[in-house]
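You will see two complexes here that share chain A, one where it goes with chain B and one where it goes with chain C.
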Partner chain A sequence: MSGGAAWRIQALAFVAAGTAYPWLFAGEYMLHLGILVCLYIILTSSLNLIIGYTGQFAVAHASFYGIGAYGAVLLVTRLGLHYWVAWLLAILLAGLCAWVIGFSALRLKGAYLAICTFAFSELFRLMLDNWTTLTNGANGIIVRFVPPGPRLPGMPAWSFDSRHRAYYLFWILAALVVWLVAHVVTSDTGRVLKAIRQDEILAVTMGFPAMRYKLFAFVAGSMLAAMAGATYAPYISFIAPDLFDINETVYIMMIMMIGGIRTVAGPIWGSILLVSLPQILGIKPSVRMIVYGFILIVIMIRLPGGLSQLAAQVGRALSRSSAAPGPGAAPTSPTLAKPDDA
Partner chain B sequence: MSELLFGLLLHGLITGTMYAAVALGLTLTYGIMGILNFAHGEMLMVGSYVAYVLVTQYHASFAVAALGAMAAVAVLAFIIERSTFRFARSEHLNGLVISLGLIAILQNSALAIWGADPLSIPPPFPQIIEFAGTGIGLQRLLAAVITLALLAGLILFLRLTSLGKAIRATAQNPAVASIVGIRVNRVISITFALGATLAALMGAFVGTIYTLTPFMGGLPALKAFVVVILGGLGSVGGAIVAGLLLGVVESFGGAFVSSAFRDGFGFAMLIAVLLVRPWGLFGQRPERDEM
Partner chain C sequence: MLELRDVSKRFGGIGAVESLSLAVREHSITALIGPNGSGKTVTFNLITGLSRLDHGEIRFNGARIDGCMPDRIALHGIARTFQHLKLFPEFSIVETLVLLQQPRGLGSSLASVRPRMMPDRLPADAQELLEFVGLWDKRTEPAGSLSYGQQKLLALVSLLTMEPRPSLILLDEPMAGINPTLITTLVRLIRTYRERGRTFLIIEHDMAVMMDLCETLIVLDHGRKIAEGPPDAIRVDANVIEAYFGR
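Then we have the complex of A and B:
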């Protein structure tokens, strides 16, 4: 995972595949799938920063995704702001909310943090359901605008009105988010975040203000989720409270855990496989959630590293059988709270 | 005016017994295996649907249906504990994630079997009675009385019987409990099933008063979270007192502040308590590291 040529080749392969995707798979439906995959890459990578790397088990991710979506739409329709200004303000608003919530809630640990953020998530949904003059309640809002494109000199005004353009918008954002998260977690800051997950008291003892670092991860991750929401709302052209409730958080978490928590590639593989497969195979959403529930439980019990761990184990087994047997570095099963990084 | 206040208090207490009963299972489970079971509300939901099937399709009396729901959920809980939570005892957050997976499985299974349309169990006692100047559904009153009796019985069971003592010993220290000959695994299975059974009975009651949907477990589970935090996570007495308190606060808040925000009072209280006194209104301040 850390540096190296293999890592760079994988990154290049992802970039090439993502860029070539619209040519490889033509058709509106396949483009829509690609957009969904990019959306979930953003959502899972940002949650991975909070839960995976920093170990803060907060379950309000879908709420920040919702703040981004509702924030951007309401700022455009109610205040008449330019879409990209609203987009930026919605992300900043989510960051502010995350800061206020995180400032108080991140003092809690484990199950307490989970309950507190769960309560916040429910309060947010109650607000969306009941503040009908602002949010139109459970009926949701139909979004009737498309993001305008940047004004280029010597070119007519354009907007992200086709699926092709929308795909590239999502694809660029997803690539940026993955790069950003990968950059953060391999930086000095990332090392402190991992140290906090493994032993917060030790990190504090060594002079790192744990609270400030936890807050950074929480606010940054939440803002990225809000960015996903602010971009997705005009594309999907309809938002409603139940798109941003606790079940959405659980779905994001499933993709992250099954793909591989605490890896950069895990959320990408998880999003590609878990978002597109059921759509291609025509599986009903309820059946999909049952299957993912079972997979999640099996993974938590037998394979806490998710598919990434499985791939690594298979890769090791293959190279062991072809090359000389290396030192038996069978990883002990990693967990949410214990150290596991190689 | 005093009759109105009394009516609100009574309704609050009646709702509160239900909160207390659901929260009790959650707090027992947390106390004994350290796992916060987010799928506790789904035990209530499954119990409700089993009672519904027994009443509407097999024409069982409500009492038989309620007992059947409790038995079915006890078996389900036993299977769940043996096949999932047992493997997450050393890593509690893994247990929490597992319970989120269980929610997805149970909710969507119920959705596939019974659909999303609200159903209801015909109440055996639909009449409204006059009680100290306030009208109240007999069904709700009886449910509350039965629940209170069960809660009292459960406290006596935990205090007096050897199994109850084994449960408390295991909650305090599983290692020492096993040294003195307590079969820790079996005690944990029984405790988990006991909590789920209580939730299943509440499910049967809820089904006669409100409606059944695959998502009906969410709100009671949330209320139970509020209650166990207010009462102190792991504390049995705290859960009962906090359950009644939450029922009364909601009843008065719904009448005097805002009825649309009725379900929000608990969460607001929860967030406030977590920030000021995270170990709960009645809980003991734990070691710094656990919080």
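Then we have the complex of A and C:
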């Protein structure tokens, strides 16, 4: 199927670009931007699973990101656990929290679910702000350790202490998350999730236990967000409550919408644009959200499928011009923007 | 096969269904008719578990199903269509039918690593059925882009090909708003699949069609059963005439 082939080309291009990036842009600052792009690819892909594919309008994503970050840091500093053990436990803790919240909140729909998860998001922020003995409150926590690297036989102990190494750690995790989400949404499970988004009552009367599927998407997406947080905290070496408040969730949602909701490539395009654009244009942080809001409005009106729709249109135009004459011309690929429908 | 005993459902102070008892025989085509607001769709919602009943019991093949979750009831073998047509509008016909071949549980869905080649996973009788109803050529189009009549046919076809096969199929106004040719197609489908062992309970206002199609008609009015019997008896039943036309 040409859609599948086009998608494979796009995936290969992303893998090649991601691997070559540190050679192309070697500077510390450019590596930092690359790491941010990878971070937001993880956060956006996982939210896309919950909101995009399953249609559950939950707005506490940054809280689970925060549970991962604070969880990993506190487990290392307070309990003295090995970092990667703490990393895993923080992700599992986020999964448990998501299960408890989802079990009650996912019975609600639309705006009601949004309000309920917003309340949780605020509760979490207030807890970080006020439980000062644990979290150091609004002053945040300075993280003084770096993730150790896996012990390899015949090699001295090493850690992710340079930006290069940190970049590759994030890049591998981002690629794994994109692959995992793509795999889920194109599988039997993904078909059920998409059916539930379109008509939950119909799915239920056809025998699908919708609540379990919704809970699965919510817990899995939240755990991936926590993984991003647990990995990011020691890299950025400082965490504070306002990194994980509702504004962060809104920012992730914007990346998802601008990149292309319900597409596998959307979170990648969106993260690249929204992380790099302010740097390129030199936008002040104070006007950042205004610019993003404007971009979002333009995209929603002119390009409802987001940047990945644009990428698909460009791809189609290219294949048309290169294979223009003759009956053997490659059929256009309407599935490029939505590889999940292949 | 299906048995409702003394079933009641109230919304606020209004009795939507009041001490309703009825039975549907296996391999029959039974009609559930009555004026608007007489409780027909509420009865369907009670059977399929979308509404909870206040009183009474519902048995299917001897087992009590009232109180079960809707997805469990579906797995017992009861499938339904909706008066306000429900479909997965973004799914093509193929994808809709493939979805209904899948295992229902989350665990088995996650464990399933079957190939994505969807047309290969169509049920064996899908092509015959889709060709019969004239939807084979439209099988890759999204369900939402089909005409209203075609959507109604798809809703029925998807229940007929569904695995595990539902033994009892509830149709809520399958003929409403579609043209006479399609009605003929629908009637033939229902008859054919009754011969193949399915049981149908149908809500419908088109009396001419129902008198011809069904062996038994159950008439509701204001949530109560006012008559039950073969077409000839219902046609001349004084209670039915009064409910429809007034005294």
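To be clear about the criterion, the second predicted complex is superposed on the first by the 299 of 342 C-alpha atoms of A that agree within 3 Å, B and C clash if a C-alpha of one lies under 4 Å from a C-alpha of the other, contacts with A are read in each partner's own complex, and residues count from 1 in each chain.
Throughout what follows, a residue touches a chain if its C-beta (ideal position, glycine included) is under 8 Å from a C-beta of that chain, and two chains touch if they have at least 3 such contacts.
No experiment lies behind these values; they were computed from the predicted model shown.
When the two complexes are overlaid on their common chain A, residue A:T189 makes contact with chain C while staying clear of chain B. Of the two partner chains, chain B is the only one that A:E122 touches; chain C does not reach it. When the shared chain is aligned, chain C comes close enough to touch A:M206, but chain B does not.
More residues of chain A are in touch with B than with the other of chain B and chain C.
Contacts of A:L296 after superposition: chain B is touched, whereas chain C is not reached. Contacts of A:A105 after superposition on the shared chain: chain B is touched, whereas chain C is not. Contacts of A:A114 after superposition: chain B is touched, whereas chain C is not reached. Using the contact criterion defined above for the overlaid structures, shared-chain residue A:Q198 touches chain C, although it does not reach chain B.
In the superposition on chain A, the residues of chain A contacted by chain B and by chain C overlap at 201. Put simply, chain B touches chain A in their complex at residues 30, 36, 38, 84, 87-88, 91-94, 96-98, 100-105, 107-109, 111-112, 218, 222, 225-226, 229, 233, 260-261, 263-264, 267-268, 270-271, 274-275, 278, 289-291. Across the complex, chain B is touched by residues 57, 104-105, 107-112, 114-116, 118-120, 122-123, 126, 130, 201, 246-247, 250, 253-254, 257, 286-287, 289-290, 292-294, 296-297, 300-301, 304, 335-338 of chain A.
Residues 186-189, 191-192, 194-195, 198-199, 201-202, 204-210, 212-213, 216, 342 of chain A touch chain C in their complex.
Interface residues of chain C, counted against chain A in their complex, comprise 48, 50, 69-71, 74-75, 79-80, 82, 86-91, 95, 98-100, 102-106, 109-110, 112-114, 116, 162, 164.
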